[in-house]
Each structure stands twice: as structure tokens, then as C-alpha cells.
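Both complexes below contain subunit A, partnered by subunit B and then by subunit C.
Entry: the complex of A and B
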């Protein structure tokens, strides 16, 4: 392979990682949620909340030193340092913010037993509205117009990239090989039986929902701290893509990982291979942007023709309301 | 108890959804439909500055409402109807994609005045259109790019293949070729107005391919932030002043200034003189140097004093009408002379050439998506 092609492929992969990582993080969290039998459509909202609060935390944790002062209090040249521990703290804040919004979902769906779909959609709208108003004025700072300095990478990639990759086998192991995973799956398969066995269905699901929220929060933080700055609605539908990704990966962490990178590569190709068919630029781009959804539909068609696959992977009680016999 | 509690929470959620439009009879109600969020710090942000200018000018006499993030196309009908239904006297719809929805709603509400930005359809008497000659700013950017680029590769992030965007590309290329015939413009269509990640990715793709100047016709400063991260890469801002996102990379921004037009139109509604118009202002109102137009150049930076003086002289010439943005001869991509120039005009005509421009000038590679 000539060096030019190699460089092109490296750049393509670098771009793919930028999209794949937030998708993978959000999808892995939601995968655990769905395995426990809960359908949370509020991923987009939780990502936005995580993104905003991760950004707010990062902005306030960075150290700003003034290099040139025109008059006292007015800095003309400043140096910003955002260290690795600061970055980790900001990520914790993002995860917490996502989890807090998820807790609202958990309270409404598990404690008050409201409809999962309706509350999930409401969560997305709430997340978008809340971040729009808080983002432009949170304790007097307009976060759409401030910047956060770059932070150190680990082995040439952001720590969240490694974290998302490590999370894949960990979540697989936890779900398939541990007692905790068995309980989560049991609750997701048949909540009545699990309840009859003495498991506290609502509580187990609540913890899974919190985990999903934290992961979505991290996904949002990745977008605003690694890729672009905070803007209102910065996730632009990635939460929905993460939901499609779980179906694409048929509730299996490794397939979700493959799916995330396939989606990422498609997204990167859209802008880097756009001169491939100059006569059909619009059609070609349309194919690439819709491909994730078309693939997901294809996968759904294939698995729905194979009852064994559905029975194995899809949680049987997904999205069904649980009313314990009283 | 649980039922009461869930009803309470549900109503709390519902309350966050409504924008809370209050009624007041004697005031003139002005409505705005935005395609993006106010916080995009670009296109929608500048329209909102225009809305605030109305409030400042008329104070208690007006009441303004806005709806943000309204999707283009059929869905916009709902939002525009919502404003028309709630007693708004004049409604500004501020994106090209609101053209058909605006005309559809306008036909049903003959007493409400509609102002559609960047479109050309005025199907009923209560619809006016307005647009800015942003391409005048592109001429200045073409000059600066020609004399700043070292790799002779320029990346142009384009949103949708509509006349407004195509005019900008052509004006940029024409001026660029005049000062630096070796420079090549690469146009990437992203098919979105606002998607920071995608805008950033397009900028990164250009930089990876060796471009050192990024031009954008999208709404967020994401591309500028990417340029700032790499040494020796420069970028132009769009819609609002983006200099603070590119301390070492910002060359100049084309800033939209809707303030004086918005104030004029609302004043016309108040005194009853509003009538259908098609307004097209550039750097000045009349193209001959009078009044504050809709296009402003903000904060020339990161260029030599000499080039800055040259750019400002060009700006002055464009403002006074001494210089046209697209003077003849203009050749199309295939080398054919543009019809207007063949007919002996001094420059391309507004009608029908510029308003419906759907062809590239010579020197741009690739084909224009239709």
C-alpha cells in the first residue's frame, strides 16, 4: 500500500473513532437497561445533559492563568491548563448528570409505573429544553461561547475510547457469566417469575437505568470535550442512532461494538469519499447517511425470520409494564 | 396518592414544553420561526439579535415570540400556524426551507404579514421576502484566501445546493482565480445547516487532504475551532463574528445584520404602511453606499496590514457600488460565457441569473448536486 493510501485510511479511522465512541458508550449503557426489560428512549436527552454538565465542570476545573493584564481584572492573554485529573472529574460530573436524569425516568417508570415509551420521549424533550436554557445562562456564564482547553491523551487516544473498548468485554462478562448478570437477564426475560423468586424487580431495573444514564452522560461528554465545543443540541440525533445500534447488534455487546465502528466508518466516508461518484454526489451521500438505519431494518428483518435468535437475545419483557401482584 | 403524584409530574413535564405565549391586545405581536437554536452563535443567533433590536426600538409597543429548532419542510407548517393562531401580526420565517410552509400558511391567514428570509416565492399579497447579498462578502474572502494560502488548496464547506450558497461559491472562486490562478477550491456538501460534529469533520477532512484555508457556509463555529487546533490553518467565519473561536486562525467573518430591516418592517406594520416587497441588501441598502445593509465584515485578523488595507478598499468599493461582486466576463464551468455577459451586460443580473443561480463558474471541480 502506498503511503498516501495508508495516511488516508488512518485519517478515516481517526474520524470514525470520533463518531463510534459516543455511540458505543450510549449503546452499551442502554443495552444493560434493555436487558433488564426497560426501554428508555431518552438516550438523546441524557446525552445532552451529560454533555452540558461535563462541559460546565470542565470549564470550571481548568486552571486559567493570566499572562498579560491590561488593567486589573481584564485579561488580554490567558493560558488555560486542563489536566488529566480535572478531565476525569469532569467525566464523573457528566456521568452523574446523566444518571440524575435517568433517575427521573426510573422514578416515573418503576415507582409510578408510567409508560416507558411516553416517559422516554418526554425525557428527550426535557433534556433538550433544559440544556438549551441552562447552556446559555448557568450561574451567569454563557457556555455556548466559552472554550475548554485540550486535555492529555492516553496511548494516542482519549481515555474514553479505551474505556468504551474495555467496557465491551466487561459488560459481556458481567451479563453472561456473573450472578448479577443472570439476575438482570432474569428480570428482563420474565419479571413475574423473577418477582416470584424473590427478586426486587423495580429496584434492579432502577440500578440498570442509572447505569444507562451514566453511560449516556459520558457519551455526551465525549462529544463536547473531545470532538466539538458545547452548542445547543450538539448531539444532533446520536442518541437515536445509539438506540438503532442496539437492534443492529441484537443485544450483544461485541456486535454493538462492530456496529458502532461500521456506523462511524460510514459517517466518516460521507465526507471523505464524496468525490467517488461525482455525478451522483447527492444520491451517494444519501445512501451513506441512511445506511445505518437501512442496515438496522435489514438486521431486524433477518432476526425476526429466525425465532431462535430473537428468543436468545431480545429480552422477552422489554418495555412491558410490571405490576407486582398485591 | 400515586395517581395524583404521577398526574402532577406529568403536568410539570408538559409545562416545560409550552413556550408560554401570553396575550396582549394593544401590542403588535411579532413572531419568529428559527431553523436552529439561538445558541448556534451563527445564523439563528443573528436573527435573534434582530428580534432584540425590535424590542429595543419599540419597547412596550411590541411583544416578540420565537420558536427555535423548527425543522424545515412540511413540519414547519405547524409552528408557523401556531404563531398565526395566537394573534401575531407579523411573522418572520428565517430559513430557505420555510418557503413553501410560509406561503401555505399565509394563504390561510390573509390578515397576518409574513416575512420569509432567503426565498423567492410570494404567492399571496401578505408574503414578503428578504435576503442578504452575502456573496459580496465572499468576494473579499476570495481576495484574502488567494493571498494567504500556501498550499493553494482551499476547502469550502457548503450546506445545501441552493442559489444563496452557489452564489457565494462562485463569487469566492471568481475573485480567488483573479489573484491566484493556481489555487483550487474543493467544495464539500454536508447537507445540513447545523451539525457541529459534521462541520468539524468536514474541516478535518479538508486539513487531512492538505487544505490550509477553510471557508464555511454552515451555521456553527465548529470548523473555526478545528482550524484553531492546527498550526498554519486559517478559516473564515459565517453569519456572526467568529473571531473569538479562532485567535490564531480567524481571517474575517461575514456577519448578517438584520436589525435595520426588521425594525423597518415592524415600523411599517405599526403605521399601517406594510406592503409586499422583495428586499435584497448587501453591504449597503441600495448598492450605492447608502444606509446600513444586511452584510457586515467583522474583525480582519491574522493578515498583513497591507492585505488588510487592500481588503478594506475592496469592501468600500463593493459598498459604494463602484465594483460589482460578479463582473463580466464570467465563464461557466464548461468554459461557456455566462448569458448575461454574452448579452453585453457589465455584470451578472439579479434577475433571473443571481436569484436562481444553479451553475458553477470556471475553475470549480466536481458537479453541483441537483
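Entry: the complex of A and C
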């Protein structure tokens, strides 16, 4: 392999990881939410809120040290350092912001028993509108003008990448092997029976919704802190793709992981088409851009031909209204 | 008392409003006994079991557990005491595996592999073969029931209540269940076996208590009694009134020949059935013997490819749907008022429209004639004294009795040439029920052919001209109501003979 090809492949894979990670984070969160029987279509909105608040937090938390003070009381040369603790703090803010928006969804759907789909769509619109107005001051602002090299990384990757990868087996284990997971799945499967057996359906679902919101918030933060700077609609529909990814992965964490990286790889190659096929650029671009969506549709067609697969993995009460007998 | 019963109820009474469900019931189960609890629908069996399981509290009377008086305040208390129940309708989680289902409902006392081992252990001991890792949605009714039984057994009950356990089973599965029950009894468990099927009871149980109208009317060893005498005890001595209004029986309106359909795993076979103008044709049977599929087959909700199987007013209609059958002159009143007969959220006007879609008076050229509809609502509510708050009342806001009068009235006011009605007076107060029965007879008097499916035998005996019995999806040959006697009816309803008693 010549060095040029090696470099190209490394770049391609790095880009794939960057693109796949937010998708994976958001999808894993929503997977838990859906397993508990709740359909939250507001992933995109929660990601946007998480992205903006993560960005604002990162901007405010960077450590500023004054290097030169020519006029007393006024710093003329400063050093901005974005340290690892600062970064973690920003992530926590992003997760909290996502969870707060999710709590609104939880309150409306679980306490007031509003329609999941309507509230979820509303959440996305709210998230987009809110971040557009609140985030207008941060357009074009670089949260860390100096320290790109200092970006906290572990083994060459951002910690969120590792976090998302570790989350896959953890969520699988929690859902399949622990009592908590059993309760979540049972509630998503048949809320009436679970209620009759004495489980607090709305409360269990509320916690799942909060978890989903926090994960979506982290996904948004990853995009603006690791990938690109804040801009309006920075998540570019990744929240919707995360929803499709759950269907793609038939509610299984490992398949969701595979799906996320397939999507990531497809986008990454789309961006490097000039290099791959200098002569067929436009046609291939179209194909590759639509590939994730065509893939999803194909997989859905295949799944729907196999009712057993759906029955086994899809939560039977997904999105259905729950009215406990009073 | 040196030899205390496992469970004893003393003079238990329970009433729901004016309805007395249990009246001074004495009931006793010994260890290692298989005790049958017999009775018609509404005889008070469920109420008694709910009291024993802690789901309901008796108004008066005492419960003794191993000779000690006790209060069973909740199902949890009952479970802790050692009372287990296997319900008729399973509350299982379809997407979860067998083990997970069991783990979820036993409060996490045991986990993972140990639980799986315990399940396999118990399953082997009692011949309840299950595969612990399979998801429940793949399992048959019999396998699901085994999960319910295992679930109950894991809590080590001393008394196990089986509520109509064979109603969902194939004969082979039922035989397996009987083996299990015998093994349980041999190990000292007391068993309460609720059933309608006398043959089973005679084969399996060593004691029986019969309830009728909330009272104990007999307790005995079923092996020493004839099926006939037990059936008569269950149904009571009723007079078949031979006196009835003379009605002119006209031409054949509905003919059914060799109709075989399956709906929701329920099979239906009707060899021959003829209903004439001016005739009321009663279909008796204990709940769950194919009434739903029978109704679906006649109403066209479930069609058959054999177009000749059903003839409505001379037209072959086997493959026609409900609206096409309505055009031929047949009208239908299903059992379930909310959701089947009427759309709960829609108002009365729209609900009248729904069964009048093919009526040219109600709709023409795609437009709805609201004046006609509101006149219809007026007519129906007046005729049946339906209490409502105007045409705009949503159907769900009507009480059960009022809504039933409304949906019956909706069809009757159209002077149907054939009316098929399922459980016309279920859950309706006595006065309204009488009103509905009178109207049905009047309607027959004006020349309609009426088919009444009912679990209320008294009702059928009162209004029917012809009577047939539905048992496990098979309709017996019809006979004039005077030609039946109560013993034969009881035998046919409990399946003790094939079809009509010879």
C-alpha cells in the first residue's frame, strides 16, 4: 500500500467515526426510550438544544489566563485554554439541556398523556426555533481559538467516541440481563399488564425519556465541540436518521452500532469522492448521499417481511396511549 | 378440629349494588383434593374466587385457612399465604421469553440461571414442558397456560385455582393438563377447578360444588352423579313456556348450509340452519363456544369463499361483506356496544349514519342527509326511551343500558327483513331488557326473521320459536322450543352429547 492510499484510508475512517458517533449516541438513547414503549420524535430538537448549550458552556468554561497587562485592569494578551475538566463540564451541560427538553416531553406525554407523535414533532420545532434565536450570538464564534491541539482525546479519539462504543454493550446488558432492563422491556411490551402487576409505568418511562434526552444532548455536543462549530440547524437531520437507525437495527444496540458506522462511512466517502472517482463525481455523489436512506428503506422492507423479527424485537406498546384504569 | 380443611369459606355474601353475586356460600377445599366449581355464567364463581384471591372483600362471612380465620386483603397476601391462581386470560408479555415473563411477575426473588433451572425442574416434575428461552409470542395457548401454571407453582402454593383452564386448549393439551393436575394433587396441593364441561369434571375431580344465582345448590362427588342430574342442578328447574303469541311463519329468509369458517382461532361449523319470516331463532350456548365467530359469519365480518353457504332473501351471500348483506335486508347488532356496535367518540347522529351508509335515504350522491338522520335519532330514542343529552351526545357518554337500547333501536326502526342480534340484553337493566325482548317479538310479528344469540337461557326460552345450541363452534340441529327439555339443553350446552340429545 502506498503512503497516499494509507493516508486516504485513515482520513476516511476518521471522518466516518466523526460522522457516526453523534448518530450512535442519539440512537442508543432513543432505543432505550422506544424499548419502554415511548416514541419520541423530538430527537433532532434535543440534539440541537444539546449542541447549543454544550457550545455556550464550552465558550464560557474555557480557562483564560492573562499573559500581558499593559494597561492595569485590562488584559492585552490572553491565553484561552480549554482543559479536559472544562470539556467534561460542557458535556454535562449539553446532556442536562437535552434532558430538560426531554422532561418537557415526558411531562406532556406521561403526566398529561398527550399524543407522543404530536409532542415529539413539537419538540423538534421548539428545539430548532429556540436554538436559532438563542444561538444567534454564537454564530461564527470559535469556542477555543487557540487550543485545537489540546483537545482532550484518549488513544487518539475523543472520549465521546469511546463512551458511545462502551455504551453499546452496557445498554445491551442492562436491557437484556438486568431486572431494570426487564422492567423497561415489559413496560414497553404490555403497559396494561405491567401496571396490573404493580409497576409504575409512567415513572419508568419518564426516566427512560430523560436518559434519551441526555444522550441526544451529548450527540449534539459532539457535533459542535469535536466536528464543526455552532451554526443554525447544525445537526442537519441526524436526529431523524437516528430514529431510522433504530428501525434499521431492529431495536438491537449492536446492529444500531453497525448501522451508524455504515452510514458514517458512506457520508465520509461522499465527501472524498474527488479522490475516489474523479470522473464520476456527480452521479456517485447522488448515489452515496441517498444511500443511507435507501439502505434504511431496504432494511425496513426486509424486516417487515419477517413478522417474527418485529414481534421479537419491536416493543408492542410503542407509541400507544396508556390510560391506567382509575 | 384435628382435620382442618385447607380452605373454608363460611356464609360468604357479596353484592354489587342490587346484584347479589354470592349469598351465604359455604365452600371447602381439602389438601390433595381436586374440587370442581360448577355453574353457569354469572352464577357467582368468579366473585367467590376473587374473594379467595384477595381481589375483593366479602360483605359478610368468614374465610378460614387451615382452620384459622383470616382476612385476605390483597392478592399479595393471598400469594404469601399460599394461594395461587391461573387466570383464564393470560397476562403475559409477548415479546419477552418464558423465563423473563416469570421473573417479572415474581418480584425478583430469583434471577437468571437459577430461575431457569428452577423452571426446568418444576416443569419436569409436573410434565409442564416449556422452553425457557423462547419468546412467548411463538407459543400456543397450551404452552402459555403452562407458563401461568409454572408462575403460580414457583411461589409454592398450597391451593391452586384454575379458572376454566381447558377453554383455550386442544383436547391433547387438556389431557396433559389433567396429568399435571393429578400430580399436583398427589403431592398434596389443593386444586380448585372451575369448568363448564361436565365430562372433564367427572373424569378429573373428586369433589364438586355447584353454584346457581350466587348460592350453593349442591356439593357432591361428581363421579357418583349422572351428567344429567349435574346439568339440571346447574341450570335449575325452569319452565319452558309453551304459551306464545301466534305468529305467521312466512317464507324462508335466511338459509345456511355447511358453513365452515375460522376467526381468531375459533372454528365454526353450521351444517344446516333455516330462519323464516316471523320467526325468532334462538342460539344458546355457554360463553366462549363460538358465539363471536357465529355472529361474524352471519354478519359478513368474516366471509367465506363458498358463496352458497349463506343465502339471504334468495341471494347467495356467503362471500358478501356486511354492507352488501345490509342491502339484501339483513341488519346486525353485535355484542360489544362500544367500539363494535357504536363508535364511542362519535355522536348519536354519526353513529346512526354508520349503519346507514348504504341506505339511500341517509346518503345520496355522496352527501349526508342530516335531517333524516336526526329524525331517526329522535325516533329511536323516543321508541326505546333512551336517555341522552341531544343528538350531539357522544356514544360513550350513554350508559350501557341506554346505548344498548340505542343500537338495537337503530336497526329495528329500519324494519329489517332479517335481524341478527348478539347478546341483546347483556348488561341491561331488567326493565330495558324486557322492553328489548318485547320489541323483538313485535318485530317478528310484523314479519321479520330474527336470530338471537344469547347466554341467557331464560331469555331464549321466553322469546324463541326455534332453538339451537352452539357448543365448541358447532351448531346443533334446531328444534321448536317446546321440543327441548331442560335436561337435553344442559347436556347440549355442556357438550355431554354430540349435538342434540337423542
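Heads up, the rule we're going with is that the second predicted complex is superposed on the first by the 292 of 326 C-alpha atoms of A that agree within 3 Å, B and C clash if a C-alpha of one lies under 4 Å from a C-alpha of the other, contacts with A are read in each partner's own complex, and residues count from 1 in each chain.
We take it that a residue touches a chain if its C-beta (ideal position, glycine included) is under 8 Å from a C-beta of that chain, and two chains touch if they have at least 3 such contacts.
All figures in this text were calculated on a predicted structure; none of them were measured in a lab.
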{"item": "Fit-or-clash call for subunit B and subunit C when the two complexes are aligned on subunit A", "value": "fit"}
{"item": "Partner with the higher number of touched subunit A residues, subunit C or subunit B", "value": "B"}
{"item": "Which superposed partner A:323 touches (first subunit B, second subunit C, both, neither)", "value": "neither"}
{"item": "Partner chain(s) touched by A:6 [first = subunit B, second = subunit C, both, neither]", "value": "neither"}
{"item": "Arrangement angle, subunit B at one end, subunit C at the other, subunit A at the vertex (C-alpha, nearest 10°)", "value": "130"}
{"item": "Subunit B versus subunit C as contact partner of A:137, first or second or both or neither", "value": "neither"}
{"item": "First (subunit B), second (subunit C), both or neither touched by A:185", "value": "second"}
{"item": "Partner chain in contact with A:231 - subunit B first, subunit C second, else both or neither", "value": "first"}
{"item": "First (subunit B), second (subunit C), both or neither touched by A:290", "value": "neither"}
{"item": "Which of subunit B and subunit C A:63 touches, first, second, both or neither", "value": "neither"}
{"item": "Overlay on shared chain A, then closest C-alpha pair between subunit B and subunit C (Å)", "value": "16"}
{"item": "Overlap of the subunit B and subunit C footprints on subunit A, listed as residue numbers", "value": "none"}
{"item": "Residues of subunit C touching subunit A in the complex", "value": "91-96, 100, 103-105, 108, 111-112, 135, 137-138"}
{"item": "For the subunit B and subunit A complex, residues of the former touching the latter", "value": "2, 5-6, 9-10, 13, 16-17, 36-41, 68-69, 161, 188-191, 194-202, 204-205, 208, 220-222, 225, 229, 244-245, 366-367, 369-370"}
{"item": "Residues of subunit A defined as touching subunit C within the complex", "value": "177, 179, 182-183, 185-186, 189-190, 193-194, 196-197, 308, 311-316"}
{"item": "Subunit A to subunit B touching residues, read off their complex", "value": "7-8, 11, 15, 18-19, 108, 112, 114, 122, 125-126, 128-130, 132, 135-136, 142, 144-145, 147, 150, 223, 227-229, 231-234, 236, 238, 267-268, 271-272, 274-275, 278-279, 281-282, 285, 289"}
